[in-house]
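Note that subunit A is present in both complexes that follow, paired respectively with subunit B and with subunit C.
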Partner chain A sequence: MNPPGTGPEPVATRREFFLRGLRAGAAVAATGGLAAWLWNRHPPGDFGRAQASDPRKDFSVRSAGPRIAIATGRDRAAMLRRALAAVGGIERFIARGDRVMLKVNAAFATPAILGATTHPDLVAELARLCRAAGAESVIVTDNPINAPESCFELTGIGAAARAAGADVFVPRPGSFRAGTLPGGRLIRDWPVLEEPFAGITKLIGVAPVKGHQRAGASMTIKNWYGLLGGRRNQFHQDIDGIIVELAMLVRPTLVVLDGTDSMMTNGPTGGSLADLKATNTLIVTTDPVAADACGATLLGKSFRDLPYLVRAGELGLGTTDFESLHPARVPAQAS
Partner chain B sequence: MGDAESAACKAHCPLQELVLRRPKVLSLRGITNAMRRGGPPGWAPVAGQFMHSFWQTMRRCGHGQSISSQSVGWPSCRLPTGMQRSKARSPGPGERAIAACALAVLAAVLAGVCIQQARFDPAVVMSAAGPPAAAATTMPGLLERWPAGLLPMSGAEAFSPGTLSDKIDGKADLYLSAGFVSLNDQRVALTGGSGSWMEVLVFDMGVPANAFSVYSSQRRPNAADAGIADYSYEADNELCLVHGRYYVELVCSDSSDAARRAAETLARAFVGATKVADHANIGAEQALFPPEGLIAGSIALVPSDVFGFDRLKNVFVARYRDGGNEVTLFAANRGGPDGAAREAAEIRSFFVVDCGGRETPAPPAPPGASIIDLGGSFEAVFSAGPYVAGVHQAPDLGSAQRWLAVLSRRITGGRQ
Partner chain C sequence: MRITTARRIAQAFFFALFVWLCVVATVGTRLWQWRGWPIRWFLELDPLVAIGTALTTRSLFPALFWALATIALTILLGRVFCGWVCPLGSIHHFVGWLAWRSRPLKRRIEGNRYHRAQAVKYCLLAALLAAAVLPVGRMMLASLQTGLLDPIPLVNRSFNLAVLSIADLATGKWTGAGRFYSGAGLVGAVFLALVLLNVAVPRFYCRFICPLGALLGIIGRGAPWAIGARRAKCTECGVCDLNCEGACNPMGPIRLSECLMCMNCMDDCPSGEPIGYGPRPSPSGEITSPGMSRREFVVSVAAGLAVAPLARLGGATAGDWPAGMIRPPGAVAEEEFLARCVKCSECVRVCPTNVLQPAGLSWGWEALWTPALNNRIGTSGCQANCIACGHACPTGAIRPLTLDEKLGRGDFEPAGPIRIGLAYVDRGRCLPWAMERPCIVCEETCPVSPKAIHLEEAEQTTREGATVRLQRPVVDPARCTGCGVCEHECPMSGLRAIRVTADNETRDRSHAVLLHHEHQ
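Take a look at the complex of A and B:
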């Protein structure tokens, strides 16, 4: 029976059913293909997000124990040698066959005299000492976002490293891998420098003492910021939080904090020699928190003025009471 | 379908009744009756009755075992044409399985989207906020013609508010809070084999006041005036200036005479080649501060977060020698007495409530002034006409009172 005004009831044939099915399948496939084509597999930082791994880097030498030496003087290379000797000698930390990474601060393409970056004299001497201790290779790296090649060259770090037999690794987008820091709130599925760490057995951080407009100070822990990729500037919204997580991220073999000249004003870039103050100090230690607590005093601050240091100390990432490590004080005239 | 079958359908199918007797069932009574017929006894809630009736209808007409689509007389229950064939037979097990799979896939996609969106992914957030670092563009050059003795080392680069921190890291906040628009940057080398070079940074701050703000906030102590453009100074290896809306830094790789001379030449060339609509002039604000004891070059316009108070913005400050100590005076024009008085009250509240200060007995002049003891230093604040002004970090009460009196006389012209 048909209702009034209608024709025979349409019936779908098998052929029609298959055609409709094919059309529906094609529509689904096209939609899926479009979605796959538009999907950004490499969001802003251009890093591989295929697997977010644990990015922690522990290169500490536990047998060496916590040690700190504070050298005074003007000659960076001489201070470094004396401070290293005071913590047991470079051989205590670098063994024959080690592959060493020097994480420098090469964030800005500015001349070394401005104190915004790691001084090339320190890079050269440290690379030479590592080589002399039997290191198989020494790599110098950092991740300055803007014009990395210029940063390494204009700071003098690149030339100094190469002259001392070290290689300079300039990160590229593929050098990072997504990592999620266990217990971290900010470093989650975030690009962390990975490529140059392949085969690395020891890590030494080398940073200058600088005031920092936002963080209060930029020293050895803030220096690990250069291991992060992506649009990391947003971390400035929680600068103390990210520095604490950097302390969680990296356990170095040693850190060298250069307070020969400290940037007292207009940090972290500075720009004028007038921003610097001769503080004539170089710190070598296994504990970055202790290094920064000591470095803060060169800026006329206490670790209590730097919330990230207080928090790092509370988390047991090091000690803010650097005096408790019984620093070996190495005066200039000792050389 | 025969009449008997049609009658059977009518007898059991409230939905059919709804359709066939549309004029009636569109009334509330008709709907209620239709529902009641299909619902079990005791189903009081109307919604419950409706759902029960609908389910029965579907079961009988669409999936019924007792009444087939043929026997029910489908046209009598006719719904919109597209639905007819789906009602014509029950879906087979394969169709049900495919439908279940499709729903499962959709549910999985929904769950995935929810999980991903719930997780904080700053990289994605920032990608929407600004272009990546590589977006710093290379331009032909800051100047069409460079002065003799200077050669570009590279093309110019440009930075926006979204990429400024790629260039100057943690110092970007200073510029951003002061109204930063763009940065153009280029390095040039001195010819003659000295190896010296300099970096030229041209910050477009939008308006001259903003340019003066970042200039004055970073002015190096003991810097010498360079006598170029609206304001300028030279500090060792660096020359900084304000030219209208532009704040310019020329940073030399050393402080040799040749480098400094080249910086001065380049600064003058830039000023000559760059037309600006307005010039920076803080003469009126400068006049608010007494000249006695003023530390040269210390007048600055602080754009934000003045004295750690996040709501205090765009305040002129000046540093003074006070015996062996240093005192800061501040003043800002708020457009009218009401705004100035309101802000003075806010500053007073900030020091008392937020900083835990204790208000001392009010000084005799100026009227309405407050002095707050912060335990080791003293703050003072008052308003006069459109101005809110005061003293910051006076070493003792006497110093705070003295500077307060001097500043209020200066601002009011002795009218109070």
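Take a look at the complex of A and C:
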């Protein structure tokens, strides 16, 4: 830079102006091109509206046929072993290399003794049996009501799972994917647990028998509620409807319904040993409808007292007449 | 005609046009009402609106294509927009001239010298654009805060909410009825402060603050045509600084990104020859750098990047969403809304009932001056057959609805009407519920058909032993659209006995009260 008034003055050359003009023209053209490319690429309201996928989860083993076993006793692990043996052995359902998910009920951060959640003994034994049958991995998961980490720890499910060589998956907001259940009225564009299902080949539901103020009972089918994300509590406006849709959503490999103790009052949360009654039963079956129909008897009810179960039976999602499956009854002394 | 006269005519024309487009932003069919006037044209011309929303949404709302014209003009001719078109610039120009014209020449020349702080506006621009760049949602959505300082939304907001409202209050003629805007005082005070700062430094806002000026300075600093000075014939009298609007040092080396193309230097130069305008680099040198150091740039960008994440920490776009903040019909879901709204107040001004209001700080500073309904202000709630706000919005923060979509008719029948909230009866304040007196104004005025409010019959014995027959209002959430007419009409003029919150609003599925199929 020359100080004022000194030095030669630069003269504009044609070449210089040409270059400036060319640069400006190129800039205008580039801006225009970019604008054309961006032209309403995301119209307002288009964001976050991901295409809803089919959220159905079918892990049933057709070749095994419908089977049910009803064990009696107090030792959950022993009852589980005998009931599994009675439905043909775990090898009929779990093959070498399988990746198994155990969907437990870990809804509340309460100790196992209160019976509001899946008993850790059952989780440990089931995970162990799956591994023994050759399962490559076992994942234990639920989307609980109380603080998720607390639920897995205070119920003892987390420790039991890890001790048996299983992993605990605690869902995050990103673990869900919007799904629309074919034929569903309620599960429409709704977040359904997806992330831990990657690579899963078998699904076993493990739930306790509980009375439920709104639905009458919470057993194996209501247990799939834990696969729903979002503000799912609005479904309580149509609790029977949502449980039926859960039966449509999930076809498990097996379900285990634990009626060693059943929650007779103040379900599904309970909170007192006085809410529980020793019913000394454990059910293993391929048919969640049959499991719940059988479990209802432990609560002193019939499937006819549970509208969701009646509808699920009518829709052919399973049979409420569990006796028609010729249950294998395994008494305590058999072990 | 002198070039500065042409410039003054242009400034007067665009300023008058701007005021006119503010005035006609009134729903109606008379000449001075909307009836097709391009009321958002200045906002569409604004490249900062276009670039800001393009950064946050990776998309260009069609109306904003006009900004291309401004960008092209600036690339070719420099900041002509600032010196010739911008209505806020013209206000500053005029007030600065008024305040400075009788001051001593020496002070005026000194007052128009380049100041290092002129780099601040580039820092503000960098911070605002950085805030718009960092994705905070699942998709590419960030916080768009350019509207706080962007001159076109700023002047639009100031005129529509403060200046014209005062004119309304004084004359009662501009819109036919006095209009009230919560927080208009703050909008007006900011405007007044910026205008009065011209007394301290001419074009204070344009030189130190304006992020749009900074953007245009960067875009236009390589313009093929520019002001240039030849020192050989210069007597160094300094008169070229006397009326220099941009404080760009026209005598040279000229700061091209600061030059507002006001042309006063050319006009004022006593010998006429040294300063010229043409297709050549300035013989006395040019400075194209905006004058912001690398460190300043990095600090500004870092601060800007922190804006959106910090704002979202409060949870107002998550679980703690403000239920009292009722967005207008057609508003997109909140995260996208905050990525699109430039706080221009066009929708607020155009709302025929005055129910649409600029938000204050109570719903988080990110939402400052964004539109939300206040059913206690205005002539009625949100009118069933009105879709004005979405058609006034320059960025698609409020979608331009058709009446069919808003009301859930025709093709939109399966989706049902657009709901902006849900009315709740406060049974402790409602006359027939709590005070044994008949009323049912809310049920009578409910515009939804069949009505979203039905009546429960009750007979009650008063303390005097008389029997009164009461009809008590009950809201049907499957029908209520949240329009707020009931709340507006409720005779409990303090805290209404029926009030709308944003629960159940269509724009966010997670705010639903009812099950999906119940609205169909």
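The rule is short, and it goes like this: the second predicted complex is superposed on the first by the 285 of 335 C-alpha atoms of A that agree within 3 Å, B and C clash if a C-alpha of one lies under 4 Å from a C-alpha of the other, contacts with A are read in each partner's own complex, and residues count from 1 in each chain.
Note that in this section a contact is a pair of C-beta atoms (placed from the backbone, for glycine too) under 8 Å apart; a residue touches a chain by one contact, two chains touch by 3 or more.
Fair warning: this is a prediction, and the values are worked out from it, not measured in the lab.
J.: Have a look at where A:T285 lands relative to subunit B and subunit C in the superposition and call it first, second, both or neither.
T.: Touch partners of A:T285: none, neither subunit B nor subunit C.
J.: Tell me which touches more residues of subunit A here: subunit C or subunit B.
T.: Of the two chains, more subunit A residues are contacted by B.
J.: Touch test for A:R20: subunit B only (first), subunit C only (second), both, or neither?
T.: The second partner, subunit C, only.
J.: Looking at the overlay, what does A:D275 touch: subunit B (first), subunit C (second), both, or neither?
T.: In the superposed model, A:D275 contacts subunit B only, not subunit C.
J.: If we overlay the two complexes on their shared chain A, which of subunit B and subunit C does A:R188 touch? Say first, second, both or neither.
T.: A:R188 sits against subunit B and subunit C alike.
J.: After superposition on the shared chain, which partner residues are touched by A:I239: those of subunit B (first), subunit C (second), both, or neither?
T.: In the superposed model, A:I239 contacts subunit B only, not subunit C.
J.: For A:T141, using the defined touch cut-off, is the partner it touches subunit B, subunit C, both, or neither? Pick first, second, both or neither.
T.: A:T141 sits against neither subunit B nor subunit C.
J.: Which partner chains sit in contact with A:G32 here, subunit B, subunit C, both or neither? Use first/second/both/neither.
T.: A:G32 sits against subunit C, while subunit B stays out of touch.
J.: For A:T253, is the partner it touches subunit B (first), subunit C (second), both, or none of the two (neither)?
T.: A:T253 contacts neither subunit B nor subunit C.
J.: For subunit A, which residues belong to both interfaces, subunit B and subunit C?
T.: In subunit A, residues 1-2, 6, 9-12, 43-45, 186, 188-189, 230-231, 234-235 are touched by subunit B and also by subunit C.
J.: Which bits of subunit B are touching subunit A when the two form their complex?
T.: That would be residues 1, 6, 73-76, 78, 81, 84-85, 88, 119-127, 129-130, 132-133, 136, 154, 157, 165-174, 187, 199, 218, 220-223, 235-238, 249, 251, 253-255 of subunit B.
J.: Can you list the residues on subunit A that touch subunit B in the complex?
T.: 1-3, 6, 9-12, 43-46, 107-111, 113-114, 145-147, 150, 154, 186, 188-191, 212-215, 218, 230-231, 233-236, 239, 265-269, 271-275
J.: Using the touch definition up top, name the residues of subunit A that touch subunit C in the complex.
T.: 1-2, 4-6, 9-12, 16-17, 20-21, 23-24, 27-28, 31-32, 35, 38-45, 47-48, 185-186, 188-189, 230-231, 234-235, 237-238
J.: For a test of understanding, state which residues of subunit C touch subunit A in their complex under the given definition.
T.: The touching residues are 50, 54, 57-62, 65, 67-68, 71-72, 75-76, 137-139, 141, 219, 222-224, 230-232, 234, 236, 251-253, 278-281, 283-285, 332-333, 335-336, 340, 396-397, 399, 507, 509-510, 512-517.
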